[in-house]
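Note that the chains are named A, B, C, D and E in the order they appear, and that numbering of residues resets to 1 at the start of each chain.
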Amino acid sequence: MTIITILGFLLIIIGLWGMLTRKHLFRIILGFSIIDTGIHLVIVSLGYIKGRTAPIFDADLSPIDAINRIVDPIPSALVLTAIVIGLAVTALMLVYVIQMHRHKGSLEISDYEELKW
Amino acid sequence: MVNPIYIFVIALFSAFLLPVIDKLGRKVTLGVFYLSLTAIFAVTLLWFRAFGEGALIENIFTAGSLPPFSINLRMGTIEAFIMLFVNFGALLGAIYLYGKLLENKVYALMLFLTLIMGVNGLIMTRDIFNIFVFLEITSISLYALIGIKQDARSLGAGFKYIIAGGLASAFLLLGIIYVYRITGNLNLDLIISENPLLLSKGGLIALFLVVVAFLIELKPWPANGWALDVYEAAEPGISAMVASLVAAGMVFVFYKFIPLLPHSWHGMLILFGMLTFVFSNLTGLKQKNARRLLGYSSIAQMGLLMAVLLLVRRFNDAMDIRYALSDIAAALFVNHFLAKAGLFWLSGIINKEKARDWSFNKQPVLVLLFAVFIFALVGLPPFPGFWAKWTLITKLAQYNMIGWIVPIIIGSLLEAAYLLRWFGATIKREQTEQVIIPRYKILPPLLAAIVLVIIFPSFAPYMTGMKTMFFFPLLAAAVLWLLDVMPERMRGMVMILILAAFGWYIYPLAKGIVLIFEFMFIAGGIVISLASLNSARPKQGYWEFLVMLIMSLALIPLAKSSMEFFLAWEFMTVSSWLLILRGKNGEKPALTYIMFSLGAALLILTAFALSFAETGELGLVLLSNLNIYAIPVYILLALGFLVKAAAMGVHIWLPGAYSEAEDEVTPIFAGMMSKISLWGFILLFGYMGNKVLGIFELPVLLGWIGVFTAFFGALMAVFQEDIKYLLAYSSMSQLGYMILSVSLLSHLGWTTALYMSVTHLFFKGMLFLAVAGIVSRIGTTKMYEMGGLIKKMPASFISVLIAIIAVSGVPPLSGFGGKWLLYTALIEKGWYLQAGLSFFAGAIAFLYLFRLIHTIFLGQLKARFREVKEASLWYIVPQFIFVGAIMAISMFPNLILKPIMAAVETQFPSHVNWDGYTVITALGYWNGNAVMMITMGVFMVPLIWLLVRVNMVQKVEQFNIVYAAERPDRPETTHFAYNFFAHYQKAIGFLVKEQITNFWNSVSEWFHSLSATFRHIYTGNGQTYALHIIIYIVVLYSLLGVK
Amino acid sequence: MKEFIEKLIDKYAIKPMHSRHANQVFLTIKQDRLPDALTWLRDFAGYTHLAFITAVDYPEIEKIQLTYMVHNYQENTDIGLRVLLDRRQPEMISVHHLWQHVATYQRELHEMFGIDFPGSPRLKENFALEGWQDVPPMRRDFDTKEYAEKTYFPRPGRETHDPREYMKQKLYPDPKEEK
Amino acid sequence: MEHGLLISIIYAFISLSVATIWGLLLGGIMMKVVARAHGRFGPPFWQPIIDIIKNNARRTSISHGIMYFLGPVFRIAGGMGTFLFIPFIYGSMVFGNFSFAGDLFLVMYFIFFGQLGMALGAGESGHPYSAIGVARGLSQMTAFELPFALSIISIVIQYGTLNITSIVAAQQGGILHWTLFTNPLATIAALIALQGMNMHNPFSIVIAPQEIPIGPPTEYHSNFLGLLQTNRGLFNIAKLALFMNLYFGGATNLFSMLIKTFGIYMITVIVGASFPRFRTEQSIRFFLGVPTVIGILAVLVTGYF
Amino acid sequence: MENKDKMKLANDGLPEHEKPLFCDARPQTYKPLGKYVEKFLNWARANSLWILGYGTGCGAIELRPLMTARFDMFRWGLAPRPTPRQAGVFVIGGYMSVKTLKRVIRSYEQMQGPKFVIALGSCTINGGMYWDSYNTINRLDHYLPVDIYITGCMPRPEALIAGFNKLKAMIKAQQTDGQNEYARNFDWYKANQKKIVKDWNMPDYNW
């Protein structure tokens, strides 16, 4: 459990708190993106092995001796997809908010309550 | 075989090709779009057929290398089966959305394809991170698809969905990464093989995070407000996809993770599943909006499916894998998948917001589709839901998890309540404007319905050892429905021929008591349905339900296994309910009837399940050697049959059902359907004899219930103003006598019961037919509006006169035989006070019978009935067949007594001996023939004396009466009929105030208010829903005791 | 009773008054003031009981006189309000709204005197006579003897005897005549 | 005693005529007794017979329809049938009647036969009073049937048989063997029910002359009324014979039968003479009250002790 | 006895829709049976006279004492009967207004078989002291065949009993034939009745 994981969790909790308490739609989306970044931090930090470098092959890291110089590559790979997906979801949320504003003209989550019971 | 990866390839390739092709015109793009969907479906079909021939499970590794670096896709039987339905559903959904896809931009097509790919991916992939990716693909394409409807509500719903979906995927991601950190790889199969590793310190939390994410996707009960909004607001085509495809994907993913779950978690998850099932159905009771109602129903079904998936793991007998559908979960899934998609498509076609505005009873296609889907969801016989529930409850009982049967029963009863209420209301509402059905929109529900019906034979494993004749009612109904083109009377004739042929077919199978019941049902059915030939106007669906009812009634006594019994019982319930629904204002009584009957059916089902649990087979004969569950099975069966017999306390459905059904159908209800409960009791006492619960001997208790039913039935009948209500209460009272005599458990007792049931069929059939004839001529059923009809309808008068003499038990006719047998049996058995009370009930019966014949036939003839003609011959002929039968029985009682006594001999030793026509018992003797002769003689003497002096008699009209030297002014004011027994009402009217109806109304009222309180947790605010999810997770976390 | 009478007279400008004995007074009042007087008497003066309504036919002065007799239970006194109607076309405001049973009296007066009380319930129904087409019988210009002989088949040779003479002659016949 | 059909018919005819004449004379005697109570001489005791002859001697009569015409036929058939199913005199060939055809329940239910016929005939007459009379009669009948049925059941338990002849046989040999003494509760309940059956005063609302002119038979006259009056005599004797057999030890010879029937009838007449008239709901409540409790006690006593 | 439905009564007093409610047959005359049989039946008829007391005026008072111990009419088989259907003797006590005449006619016609009428008191017989009233019937026998007249301005019960005994003697002597006489000149009676009773909303012969 490195510092970064703890920081990641902290970010998740902040994002969660923001998403749950703020009424404004944008703040909710912000909360979501904070949660996403928190999770990404956790993912990356879990793959970290002390004293190793990032699993990117370039000039000074050849594939042959990479096995004992790089951190666990899989979380890093996963985090890439996760980030992309997080981005897509946030984009979609923003589109939703724009459409909702165009229809209802309000950005308060509590105004979209016709569908209930 | 085609590599399943092609599914992704086709989907992705055409998804990104479409915008380019779109330049050439939308028609072409749609062509390509449907082509690719059919291709995907073809692939899955190939795979499914391969597995059909026993192919092995295929594991496909992408990127040419082994996990953890490559994604592993698995294509097994179950995957193929689920994908088959998913892709079939996708194809239908696409066809349904043709109109929408035509006018929208091309992105909708692309999104749809990605959605399908996502769901297929979810099902096939074994890599957990890959599950996350495909989950996200599906969710994102869904978010977008929900958005295309572009109105405030759907956008709001979409946004709430994204919040919930986002939270779920967040937890999933965390869970996956921790699982990876602990187990070191992402492949599910490998993780399952290293299961103990996962149970180490951190593993449980990781597993919990992953599982809870899937749980949220499965829309668990308190935290599923967002799902309801999506179902309600989204485009019907899309919500159909959500309800069927996406749900299928989610359930399958959850199914994949079950092996990982530690055993301690199973109980809690099942509980949560059951809670979702029960409470969603409960809140469904108060729903007004059609699609939201469907939303509640689909959430409930998902909850049930989740619970079943976990429960099935505990039944450790290997399911015969070859028949995929034999698996309870698979059957439930198929049933829900097709029915729910179909209903959403229908709601799209009808496009009415409020469930109350649905009215299309003039369009048979829509009615049929709606009926198929509702019946499938409620779990009525031919549909997979029925077999699934049957096997589930029997299996639960077998592995003594009886506790879980209770929520299943309550949940399915609640679901039946609101679905059938909706169905009844829709069918009965007069259709005002025509519903326009575009061709492409009707095709998907049609195909779904067809599939729902034709997959029927694949339930072969359930029907082991069941004779095919138990499907004849359905077959006959289908045949008659196909003959719709023939004129009505012709169809009626065909129906009677079918009945006769069926009778001839089952004749050899019936012996002893069963033969008596078969005679009653078949012969009685044929004679009574003659009356239904009277009118030539088309009766939509009348003959089908009638033949189904009579044949299922005839089948019940022939049932050898409890499955056969229960199947025939359900057919009877459905057909009788539909017949009541046909009545003019039959909606409310039909709902009460179906609720009570379904309650009774479920009681019987649990009883059979318990007996199956103890004995291991389904045979009815095994009821006799139960001992652990003997008492509960006994009580449950007795309760079920009491509800069917409309005993005191559960009788409130009877008057409404009998009088609102059509006039020609009521004799069948009163004369025959009520007798099936008598057969139930004979079955019960025959096999299980006398049982003692605490200090009470159960048959004695039943006897008392029978007597009170007889007494209160008669008392209520006396104060009725409507003929059909009066006769309904009268048949309830007669049935009370039969219950009393059958629970005597003595030879004489059973003889009385059988004798009474046969004679009751005759005279009750006659009375109701006569009433049908009168009402067809007069138009009203209110007795005080009639009067003096003896001059206009003499034939009906004669049959009613003979009927009331027979019912009241006045000596010369057959009724007295029944009464004599009853009292001798009661006194022989020592039930003295019951004898006294039943005598008093008999005397009261005399009151309402006289009231019936006086108010209709005697007294003053009203002016507007002066030209009324006699009832049509179709009514008179069956009545006089019954008159002949009653006269024969009264003249020669041993015609019917001897066979009955012989039949009952098999159960109880008989100590009744015969001397010529005299029946001699230890107590008394009765010579029916002599009584009839003497009565005839004694009747002739004064008649001759009067006929001698007849020439000086002057025939006069109705107003030549001594009216205190005044002339009577109007027939209406001189006919005494209204409130005929006012003094009786004053004296003991307080006994029959509406306590029991109020009780049952308050029960339903209580359920409704409970449902109202629970549905208020969905406040509609997206944020509150998110809060609900978090709380749900925390509660689940603490309850599962994850360390 | 005195103070009621004074108040009555000045309130309704009543003409002559005479009384036969101590607690009975007759007052004549104009036709249209009668309902108010009666209402006042009933509600304020305590004359709650309307004993009867009778009529007297004065063909010589072409008038029909209606008398409404009201009674006061506390003081046990009676007041008779009289109204004079034109004989040729006798019509009087109906007071059935004050007392229900007035309708029956008015019905009888209509049948016997031909007085019309517009608005009185069931006025035209038969009361004692059924299907009577002739002049209202209680009017003085109607000769009942002549009507009886005309309609009811008188028996020829019928003569009347003075009962005393007849019985004496019958029971104690004078020995002379009896030859 | 099932001997030749013709002989049994002749015997039946004899016992019927004896019973009818005795029934009518009994009615006449009772009219004289009541008259004596009022201090007047009253009509000669054969007055009912003269009335019947006069009614049958009527020259004209009207009929409201078939059912009206058959009403009295049903009624007297009910009376004759009830009488014929009761063994009149224990042990005698002539007066054995047709008791072989059915037992006690047959007799109890045959009473309904007459009631039903009468009710139908009265209904057809179209007169509202007759319908009201019938409604009153039937509801009162159901009320007093309950104590009567309970007392019958307690007797059946006590003697263990429904066969009237064997019940009478069990009561032979001295007064103390009568059911009156061996099962007093049942007898009391039955006698109260008899008061209702004979429609004597506390329960005479059905044919209350002042209120609704003689109830159901309002529209009956001339030979219909003649038949109804003969039935009143015969049906009366049938009920008295039943009570005599069940509760008072039956009659071994004609004379004891006359005395016992007179005695039983006397009880109801005297009780009737000293009572005002109940309204129908009062009589229903009365019958379902004390008499039913007595009946239940009788059943419990004989049944379970 | 001539054919029953040869002649139908017009019943024109009734509106059209009410005609089928009433029987429109004419009353018939009946010949007595054989000599001895009729003698015996007359004996029975005489000894069980059932009275229909129609107390229209002060006559009803005289009928009540007969039932008491002092006069005790039951000794001669006399009994009061509430409905005309079952009554044999129609005792009309008191003056008859036009209204009462209409009801008396209906009751008389509803009586059966050999029926006898006793006019009680002078007002019934010839209008008595109301002979000159516009509303009182003067001669009863113009409207109904009357058998016994008991004069007196309300004769005492003894006179009534004497009247009944006289009637019994007449019955036994076969001198009473009111029913046939009414049937023979039915039209004359009916014309008189209709002349007096103006709103005749009844059938011509009230069976």
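As a working rule, contacts are C-beta pairs under 8 Å (C-beta built on N, C-alpha and C of every residue); 3 or more make two chains touch, one makes a residue touch a chain.
Note that the coordinates shown come from a computational prediction; the quantities given were computed from them, not determined experimentally.
Colleague: Going by the stated contact rule, which chains contact subunit B and subunit C alike?
Modeller: Chains that touch both subunit B and subunit C, as defined above, are E.
Colleague: Which chain has its C-alpha centroid farthest away from the centroid of subunit B?
Modeller: C
Colleague: Considering only mean CA positions as chain centres, point out the chain farthest from subunit A.
Modeller: Max centre-to-centre separation from subunit A belongs to E.
Colleague: When contacts are scored as defined above, which chain pair ends up with more C-beta pairs, B-E or C-E?
Modeller: C-E
Colleague: Could you please state the distance in Å, as a whole number, between where the Cα atoms of subunit B are centred and where those of subunit D are centred?
Modeller: Centres of subunit B and subunit D (C-alpha means) sit 55 Å apart.
Colleague: Between subunit C and subunit D, what is the separation of their C-alpha centroids in Å?
Modeller: So the centroids are 60 Å from each other.
Colleague: How many angstrom lie between the CA centroids of subunit D and subunit E, rounded to a whole number?
Modeller: Comparing mean C-alpha positions, subunit E is 36 Å from subunit D.
Colleague: Counting in whole Å, what is the centre-to-centre distance of subunit A and subunit D, each centre being its mean C-alpha position?
Modeller: Those two chain centres are 101 Å apart.
Colleague: I need the residues of subunit A touching at least two other chains; which ones are they?
Modeller: none
Colleague: Touching two or more other chains, which residues of subunit B qualify?
Modeller: Touching at least two other chains: 952, 954-956, 958-960, 962.
Colleague: Quick one: which chain pairs are touching?
Modeller: Touching chain pairs, listed by label, come out as A-B, B-D, B-E, C-E, D-E.
Colleague: Using the touch rule from the top, collect the residues of subunit B that touch subunit D in their complex.
Modeller: 788, 790-791, 797, 801, 804-805, 808-812, 816, 819-820, 823-824, 827, 830, 832-833, 835-836, 839-840, 843-844, 846-847, 850, 853-854, 857-860, 918, 923-927, 930-931, 934-935, 937-939, 941-943, 945-946, 949, 952-956, 958-963, 974-977, 980-981, 983-984, 986-988
Colleague: Would you pull the subunit E residues touching subunit D in the complex into a rising list?
Modeller: 23, 28, 30, 41, 44-45, 47-48, 50, 68-69, 72, 74-75, 77, 79, 82-83, 85-86, 88, 112-114, 179, 207
Colleague: What part of subunit C is in contact with subunit E in the complex they form?
Modeller: 126, 128-134, 137, 142, 144-145, 147-149, 151-155, 158
Colleague: In their complex, what parts of subunit B are in touch with subunit A?
Modeller: Residues 68, 129, 132-133, 136, 139-140, 143-144, 147, 150-153, 155-160, 162-163, 165-166, 169-170, 173-174, 176-178, 180-181, 186, 225, 228-229, 232-233, 286, 292, 1015-1016, 1018-1023, 1026-1027, 1030.
Colleague: Provide the residue numbers of subunit A that touch subunit B in the complex, in ascending order.
Modeller: 12, 16, 19-20, 23, 25, 28, 32, 35-36, 39, 42-43, 46, 74-75, 78, 81-82, 85, 88-89, 92-93, 95-97, 99-100, 103-104, 109-110, 112-117
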